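There are two complexes below, and they share chain A, which is joined by chain B in the first and by chain C in the second.
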Partner chain A sequence: MHQPQLCQPWEHRLSRRRLLGTLAGGALATQGEALGPLFAPAMAEELRAEEKQAILIWLDGGLSQLESWDPKPKSPFGGPFRSIATSAPGIEVCELLSQTAKQMHHLALLRSVCTQDNSHSAGVARINRGDPKDRGVVYPFLGSAVAKLLGPTSSGLPPYIWIKPQSGGFKAADAGFLGARYGALALGDGKPPENLLLNPQITPEENELRNELRQRFNTRYAARRRREIADANSYVFDLAQTLMRREDLFDESKITDRDRERYGTHELGRHILQGRRMLEAGVRFVKVNSYHWDSHGDNFNACDSLVRQFDQPFAALIEDLADRGMLDNVLVIVLSEFGRTPKINSHVGRDHWPEAWSVAMAGTGLKRGVAVGKTNADGTFVDGPPHDIGHLFHTWLRALGVPPENMSYDNHGQPLPVANEACSAVGELLA
Partner chain B sequence: MQANALQQQFEPKPLGTPLTYERQLCQARHSPCGRFLVASGYDATIQRWDLSQEPPVKLPPLTAHNGWVQCQAFAPAGERLFTADSWGKICCWQYTESEPRLEWSVESAHDGWIRALAVSPDGQSLATGGNDAVVRHWSADSGQPLSAAPHPGKVFSMAFHPRDKALVSGDLTGLIRQWSADSKTVVREIDARVLYQRHNNQECGGVRQIVFDADGSQLACVGQKSPEGGFATGLPCALVFDWSSGKLTQEMQVGTKEDGFAYDAQFHPAGFVMATSCAFPGRGHVWFWKPGEPQAFYQSNTIPNGRSLSLHPDGKSLALLVSLSANGNGRQLVNGQYDGGSARIHILGFSKPA
Partner chain C sequence: MRELFHVLLMERRGDNTAWDNYLQAAFEANKTWDQLVREILFPDEKDPQRAGAGFFYTKRLEAYGQNPIDHPGLTRDVGRLFLGIDLQCAQCHDHLFIGDYKQREFQGLYSVYLNVTAKGDQPVPAVIEKPLIKKHEFVSVFDSTKQETGPRIPFGVELPIPEAPAAGTPPASALALIARDLPRVDNDRFSRNIANRLWFLMIGRGLVHPLDLHHSDNPPSHPELLDLLAREFATHQFDIRWMLRELALSQTYQRSSQGDAIPEPPPPESYLWGIEKRLSAEQLLRSTLRATGDLERLEPPPGTAAAGEWKELRTRFLTAYANEPREPEGEYLATVKGALFALNDGKLLDLMKRRPGNLLDRVATLTAPTEIADEFYLTIFTRFPTDEERGEVQAIFEKDPARREQSLATLAWAMLASIEFGINH
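This part shows the complex of A and B:
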């Protein structure tokens, strides 16, 4: 006799059905939440039509600014590595970024970043949410914010895709008060959600019939509910259907040998390449995560290992986006929780340092081949106006065509600025 | 000699006031004559002390390098000092006078960080290796290149055999390669891979130092077992190999995973291994262990964070170089200044030197 068992591990993985269900639930939970009265619908449509996109490379922990974007050779804290010239006259970076140095004419550096947290527990969320003023709500991560503000592109693909090591799933937490609909669809190791692709035993004709049946149910469902609810349901089904039709995005046989060589076969290389493919397909916002950037000990051997793993695929990404003309529409961001201490501790490590660090970016709305802001000669503190993550959120939103000063979310009647209103965009970075 | 007898004879005790330097240093070595102690570090200088006076007199530093100076070696007769830096430069010094003289230098001897340097027993040549994974051979008289050969990994350590015409080099992956004395031919490979681990997305560990005993019958190397990334934890460990067979004869592991890398080691003429390890402030051991014995006869963390040790040629004392640099996240000012860490060299005398 069949005996019901306890749940099986596979049941906890993200399936297509669960994805649809989660999205639908999130949509229902947030039905009626549109951009508020300060955000004119006409502006929203205009923004969406521009097809701006973004890719955020998140180096979890802290990338040492001294071993990357802001080297200080011959200073007390300079470390063992050399600085090298780049394709942008007057800008030097650490020798570990030898490939990226050739693409520097496309990049913009902000070397005067000064943030508020030196711990992982508080820092991750604070940076990712743009450090808004505390209004008793949980703000969205940048990807969710962009998903809300700009929605999907005309590709219809999910607006926020997160490529990460290990497992995937639907990550609603990123969305904060926006609601689950604006969370991230995480692709574990860049792979599609389980059961996303059509079961090969179902013929296209059968699938067509199945969809017709669903449409009939939808129509009957919509007839008894408010239009917003029905629209939300359709929205998430359409997203999933679109992703299902893009089997090619996960077909590794379509990756050329040249791309494999240029991006590298290591984890971050594969994931950044997958990120490029998602951008090419029309995903609005792609986040690529790399973990273990936390070199409290043996920092310089760690950087020699890790920074090079970033350098190779990042340089290839910038080169490809530039060659394809995509940098005109795509915003590229490289971000960490904080920088690392100038001081080298007894374990030859660098600890957390939010006081003076750097962020690299490129693409739409930004100047190219510039380094804005500076640190003092020893690299210990910002020399000149410091810039917090709030300034960067303003800058990035403006680069994407969103005027943050004029826009707010409507959280059930509570107007909430899309970025910290005490900050403003870094004008020297904007094109 | 039994362990307790060894301990009675060789337990180290502080002598005098430690030498200090305001920046962190990586490695300390005595000149062959014993009169000079030199130490190099993070500020591209080589610091010198004249030990013939009491207290030791600090001499002007050697200054022609860039980046970090992490390795140095004296010519056997003591007339020259060779140094190498992390920007790829090697220098040959007449170092004994108050005003040192740079005899020759090679600006781009390697592409980047030189991690290891050794001088041949006859003093005619030196070998270097580093992050570019190339073993290079140079004329000691002129700095002219003699040979170059690829290494499978980044070269972290090197030593010439005291009698055989052989050079050994240890790399990040725990591979020790034996070369012909001119570095042109690979003779064999010795497995020290226990000192390496790919942990998460990071390559960790490596053979941090290689030394021979006086008659060349044993080779010891140091690093850490089960090395991990991030906090770079691991078990300080010395591995001892029989030179003729290349077989591992003993693992000399001490402390806990918090005691980090063993950075330096040396055989004492009495036949035991002296090693030191360093990790976060307050961690790390100094230990003396005679091969064949089940445990160290001396092990102490009373002077932690030892980066380097050097036995005085008279065998009566040991210089122990330690790092003094606190860790911690965020802004930490000392008297309004941002402190960058410093170094201290303890001179330790043996209880009853031979």
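This part shows the complex of A and C:
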């Protein structure tokens, strides 16, 4: 297959019409140069209309594939847990995923993942960015990429929300060269960001009155001036107020007892449930982070606790999304920076293993109830074609309706492919 | 000036007292731009003239997050900020669309910066230079032909590898070569870059736009004007104060941003209408406090460290409105974060409460709505209200006379959160 080294300049020269189209699509910046326009704006508009969404569950430190999606019981490295049958005939998973096993007919597994880095520092960045070719720029993480490529949904809510333990805030780092505005709005422990709630000094009536006045001043100001500043200003105030009106999204009393019980009251359970609520409210991309998966010591007791903590809310999420018909539009991804060594070390732990691991996914654009790719009998290496994170980015973008081969970012005139052009989608995963 | 040039040169990477003091002293003495750049390019922590100037290098030579020490980034910034050329894409190959930006332009400068490291934990920022003893080799990613270069100012001639002044002594500094040859009257790119940047600071848009892309396919909107500005600035020994005064006296600077859009507004590069400019986070803070009548009460005298309520407010304003580190602050940037701050930040809303002598206190003593309108408009928008606007204020008080105090705060907030206040227009 022909793989060009770089996009050709003539493919990307912006015409005036295309530039105007792009500017109409995103009202944030006042001059085209800072917006970092996409090269296919008309397409972005169409994509936006489809309302595809995504949730990424990031298990930081590295989920063991052997204690989850690719168990190898009775092998030299298999460990103490059994494998169990699932609702997808022929697919078995580790017994620690007993709830998820019942939802397996909705899931798609890739068991032939083989990536480059076995350190956290390099791996986290590379996996989150889809391992693009090095062009001297910092690429966006998947959430920022989707926020850029698809924008907010018609809900008017910020396109990228990140639910994480500890502190929240506006996190720009994920956005890379796309710039701060494509960063994540992070909800520390699921709590609302600073200044989100209407200040108690202000009554809702006063809030309405003051904003009506503000808008009146702005309309008058803009009447005989260029539109760009006023448009950008009202866009962000509208977004802010849409968020403020959805205070209910942060109101824990709105959670039913049934949901609380099904998702669990532990941190990851609460956060995945919060993630579901964000998807229901119409957020484009939700990331949920869980830490402490780096089980160099006492791996099996750690997994007995951690994998179960993941299993319960994840199964509930898949069940809910399927019941509500949302899996047709929502892409679900479970990801880490690498898998863990089959070899069990002297601390009864498993170390970092990028050579052969698994990624689970579900939802829009993907086949259901499949396991693609395999590892050898001991689980040490991939048996068959290996797949890097670049292949997965192609697969996910395609599942979200973005044709990665035809889309590139414009970094101040530098065309940058949205996914590593040496890779392509994993066809067996796509519906 | 110190704050302005700090943001321009450091792009929100962080603060340093020695650097602040260096800039403060430099602008108090009206140090010329070429002198300033010479000192920044070849800092010396032991020379009282140059101590502190090293922060430009040392901060860029710190590792941040999970990124390695960014020597290419430092090279790029020297090109961007002092010559107006962004050579980032020319690191690995000749620039694909900008014919002028060849890989050798980047690599010649990079050969020097590759050898520079920051001395750790110094009270005054300091760098160490490894002697440059041979030419630097590089290849293009497109063809693997080996090339080599010695130190070179982009678009200049290649300089010889610095030799030791005497036998047994270390070779001369390559940074000194850069400092000697880059900020010179006869280096057109040096004077055109700064003329363009000062024009941008005053007028709101570069004659060459974007500011970092001076090249033959991106000519200035007004070539003769940029030539003139660059030449005159150089003739006046790069006297920044003189230049800003000249620009402020120009008709272009004084033009209004309003007009009759028939059929549509003139393009910004025509400068027919004034260009609306962003206020920095610091400017917004001061303007807000000036309007509410709290500036004198809160701002510490020059040279004293920020503390108490001032520090608290300043941090909040910077968090809400400043760009992220390493992101140049140019045009107006609207963010949800800034909007939420304006809507709900408690400390900000406190400024709209009555306190002896402040704005809300003054208007509270007025009874006629027209007087209130005049006081608000003069203080916040620095103009008189129109009849329509006076009527609007009157309607607010007539609608709910019982909530007079709240109405005053609401009005103050809406004016302070409006574009007319938040934009330099």
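Just so it is clear, the second predicted complex is superposed on the first by the 373 of 431 C-alpha atoms of A that agree within 3 Å, B and C clash if a C-alpha of one lies under 4 Å from a C-alpha of the other, contacts with A are read in each partner's own complex, and residues count from 1 in each chain.
To be clear about the criterion, contacts are C-beta pairs under 8 Å (C-beta built on N, C-alpha and C of every residue); 3 or more make two chains touch, one makes a residue touch a chain.
Source: prediction; values computed, not measured.
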Per residue count on chain A, the busier partner among chain B and chain C is C
First, second, both or neither for A:Pro76, with chain B first and chain C second: first
Applying the document's definition of touch, where does A:Glu247 land relative to chain B and chain C: first, second, both, or neither? neither
Now for A:Asn345: first (chain B), second (chain C), both, or neither, which partner does it touch? first
After superposition on the shared chain, which partner residues are touched by A:Ala173: those of chain B (first), chain C (second), both, or neither? second
Check chain A for residues that touch chain B in one structure and chain C in the other, and list them. none
Quick one: in the complex, what on chain B touches chain A? 23-24, 42-44, 66-68, 70, 86-87, 112-113, 131, 154, 172, 200-204, 206, 229-233, 260-261, 278-281, 283, 305, 323-332, 338-341
In their shared complex, at which residues does chain A touch chain C? 5-6, 9, 28-31, 33-34, 121-122, 124-125, 135-138, 158, 170, 172-173, 179-181, 185, 193-199, 201-202, 206-207, 209-211, 213-214, 216-218, 220-222, 224-226, 229-230, 232-233, 235-237, 239-241, 243-244, 412-414
Taking the complex as given, what residues does chain C use to touch chain A? 65-67, 72, 86, 88-89, 91-92, 96-98, 142, 209-210, 213, 257-261, 265, 268, 273, 276, 323-324, 327, 330-341, 343-346, 349, 389, 392, 396, 406, 410-411, 413-415, 417-420, 422-423, 425
Interfacial residue positions of chain A with respect to chain B in the complex: 61, 73-74, 76-82, 95, 118-119, 266-268, 290-292, 294-298, 301-302, 304-306, 309, 341-349, 351-355, 378, 380-381
